[in-house]
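Below are structures written as structure tokens.
Presented sequentially are two complexes of chain A, the first with chain B as partner and the second with chain C.
Take a look at the complex of A and B:
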């Protein structure tokens, strides 16, 4: 049974947009949720597995998004090249920023990433090619192998592919040698060093991977929303991504996906008058999760699954 | 030249007030409070609501500080004391992030997100003194900050509860052994820090426009000031704030291209080169 669950889920995911194709806005929200899930998956690696905090995660989304958009719009580079360049530049910045920042711990790392995130968006705003305060408009839809992903329905599949990639990479990373080393480091840094783990290398690796995910999410965001503005990648998105990761469940692959869907849908279904209250609602949920559910909302899922498993074994 | 320094000091005094709140809480309760700025924002909105109901300015300020003290005490009793038992330092940091989401959401819901104009503390043309141009608003905020810093230092160094809280900051375990009532001190510290937040909020609001995110910048600068000063020293926070204000003003005047990024680059440099700050203790760096 367990073997077929992913396939079942995948088939369901592939069918969802076909079922709801009468409601393009719903598909659009699904796309947004998946984009945030990709980005939060990176944060999940960094925080849930590596135990490092980042308050500048949204800046890497901005780097990826702007790089790819500018390349396609100004230099007319094919989308696939722009995508690789966007993710690559994100990684590069992850390396440049992560190298000094990860020597800091806890609070200091939080402040440093907060500052760096703000600097990055500030610099992007100042470069004339990015449209400054007005942002970039009319970013062309992604185009791969002669096929244009023009509708949100077709973009759904592209973004789903991105999300699956992120999930598979995260899953494999958690089980890999580096992932295990990182988890050891999260639980006890001194202990990890004592058994010969080069903690700073693994921290940097996690930070670069996280930046890559954020970059990928940024590229997909830019080309599917077709509008980029640095104000959308400020501290509040970084905090929201953090909340998504923690609420969904740190260290779990599916929790993050759950968290992003919850965030996007609650926010957009609340209606325009109540939109501000989403922040309050999520703040309260975040508080409750930190207090009572260390593994996030997915812990509820685990408990239910555990109960079912128990039943199956007894019968 | 002197005008630049004076203006820098005026802005710096606001950084100092916020940084003091952050450092007070961090050094005693070990919580990095990301909600300090947003608490100030929320209290400034309350002050705005009071002023719109024709409450006079001094009464509004006093009322807001009192509300800040009360909210701080309530937060410690109702939330932080419970969080402390269940979670790590990073967990508590995340709790304060959750607080910022709640405060910004509430402010946005009740007052809207369109920027409001906060009435200035004092009106009138800037004064001139020995060729220095002194803005009245800046003068008043400097004076208020000066008085508050003085009061806080008297409380911290001359009263029983102040000395007790400093001992707690130095060594929590020893303080417990000596029978210091830790619970009360936690309440005192949170109350004091949110009182400071309210004052800072009122002093910033007339300079910027009032909206749910207007204190984020100040919060960031206060962190930088605290890092400059050494993160666990209240004197350091005051000096760090003033220094940052002055430095920033000079940079904005002579190299305006980097004025927004300057302080952020500064903090990263300080963290890497001199992580203890100017007044911090070398061994006391907390992980």
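Take a look at the complex of A and C:
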């Protein structure tokens, strides 16, 4: 039975746009949720598995998004090339932001990544080609193998593919040698070094991986929302991504997906007039999770599935 | 010589934690480093591991360790345990031990992305099982260390240090937390490890353990070496009795 759960989920996911054909706005928000889930999956690896922290994660979405959009719009590069370039550049910046992490921990690392994030979005804003304060409009829809993903419905499948990729890669990585080395480092840095783990390299790897996911999310965001503005990728989103990861459950693969959906739907689908309360509501949820469900919402899932035996994903 | 300390000096501000220490650890021996609290024993380990700045020189199999990063030592076949545990608490005992093989197992980016669990390989499991048997942890491989008694957790760290066939292991108070019966077993374990050709540098407060199994003992006090010799020489040395052994 357990084996079929993912397949069942997948079939259900594939049918969603068909079921909600009449409600494209709902599909649009599903797409947005999945994009944030991809980005948060990177943060999940960085924090939940690697034990590092970043308050600049959203900036990597901006790097991916702007790189890809500019390449397609200005240089008329094929989408697939722009996507790879967006993710690649994001990785490069991930490597750069990783270096302070070699010397800093906890609070100081949080501040350093926050500063890096601010610098990155500020620089993007100052480059004329990105549209500056006005943002970048009319970004073309993704185009792959001659097919244009023009509607929310078709984009749903593209973004779902991206999310599945992120989930599979994360799941695999967690049980791989490098993934286990990262978890060892998270548990005890001295212990990790004593068994021969080059903690500096693994920290950089964690930051590179996290930025790859954020970059991919950013590319998908730009070409599906069709508008980019640096203000959307500031500290606000970085903190929300952090909250999504914690609410969902750090170190678990499905938690961040749950957290992203919750966030997007709490934020966007609350009745009109209640928008002002969404921040409060999300804050309360975060607080409750931190207090009562240290392993996040996925803990409920574990319990329901009867699989929760105090066992960690890591082993 | 397996390990040579030449004029090893470690300063923390005005405090000289280790003062011009000279000693050498012969291959295949159990060499103990003893002394009162704060004598500088752990600091010697930390200097060997390049975790604190030092002057003088440290030679491992004749090669200077100056500038060698901590994480390289495992590959060079030197491992250690810590006075304060440094276990991987999210993992089972089995994985804690298996991680000792980190440098022995090769992997690539591709195998990482494919999710190959290198630690579930048969030869890894066999090596882990062998050392678990030696240390007496065979029944506890699936347990999480946080739920085990302190002394047993120390044994998990010992197993992790032994699994990769080290030439030299540094043990920092490995018998702490063991009861009398377990200490007897512990002595047997270390003697077996020594028979297997492993050299041991042992920091231990339990004199029963130290006197029974050491080939050579170095005594430190306030960073200085105050005596060195066989267990019998040390237990009869008036300076040592005054500084350390006479305390109890």
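Following the convention adopted for this analysis, the second predicted complex is superposed on the first by the 302 of 315 C-alpha atoms of A that agree within 3 Å, B and C clash if a C-alpha of one lies under 4 Å from a C-alpha of the other, contacts with A are read in each partner's own complex, and residues count from 1 in each chain.
Everything that follows uses one rule, which is that contacts are C-beta pairs under 8 Å (C-beta built on N, C-alpha and C of every residue); 3 or more make two chains touch, one makes a residue touch a chain.
Values in this document were obtained by computation on a predicted structure and should not be read as measured data.
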| item | value |
| --- | --- |
| First, second, both or neither for A:115, with chain B first and chain C second | first |
| Residue contacts with chain A in the superposition, chain B compared against chain C | B |
| First, second, both or neither for A:103, with chain B first and chain C second | first |
| First (chain B), second (chain C), both or neither touched by A:128 | neither |
| First, second, both or neither for A:196, with chain B first and chain C second | second |
| Touched partner set for A:7, first chain B, second chain C, both or neither | neither |
| Touching partner for A:242 - first (chain B), second (chain C), both, neither | first |
| First (chain B), second (chain C), both or neither touched by A:74 | neither |
| Doubly contacted chain A residues - partners chain C and chain B | none |
| Interfacial residue positions of chain B with respect to chain A in the complex | 26, 32, 34, 79, 82-83, 86-87, 89-91, 93-95, 97-102, 104-106, 108-109, 113, 212-213, 216, 220, 223-224, 227, 231, 260-261, 264-265, 267-268, 271-272, 275, 286-287 |
| In the complex with chain B, residue positions of chain A that touch it | 51, 53, 100-101, 103-108, 110-112, 114-116, 118-119, 122-123, 235-236, 239-240, 242-243, 246, 274, 276-284, 286-287, 290-291, 294 |
| Contacting residues of chain C [partner chain A, same complex] | 49, 69-75, 79-80, 82, 86-92, 94-95, 99-100, 102-103, 105, 107, 111-119, 144, 157, 160-161 |
| Residue ranges of chain A touching chain C (in the complex, touch as defined) | 169, 171-181, 183-184, 186-188, 190-199, 310, 312, 314-315 |
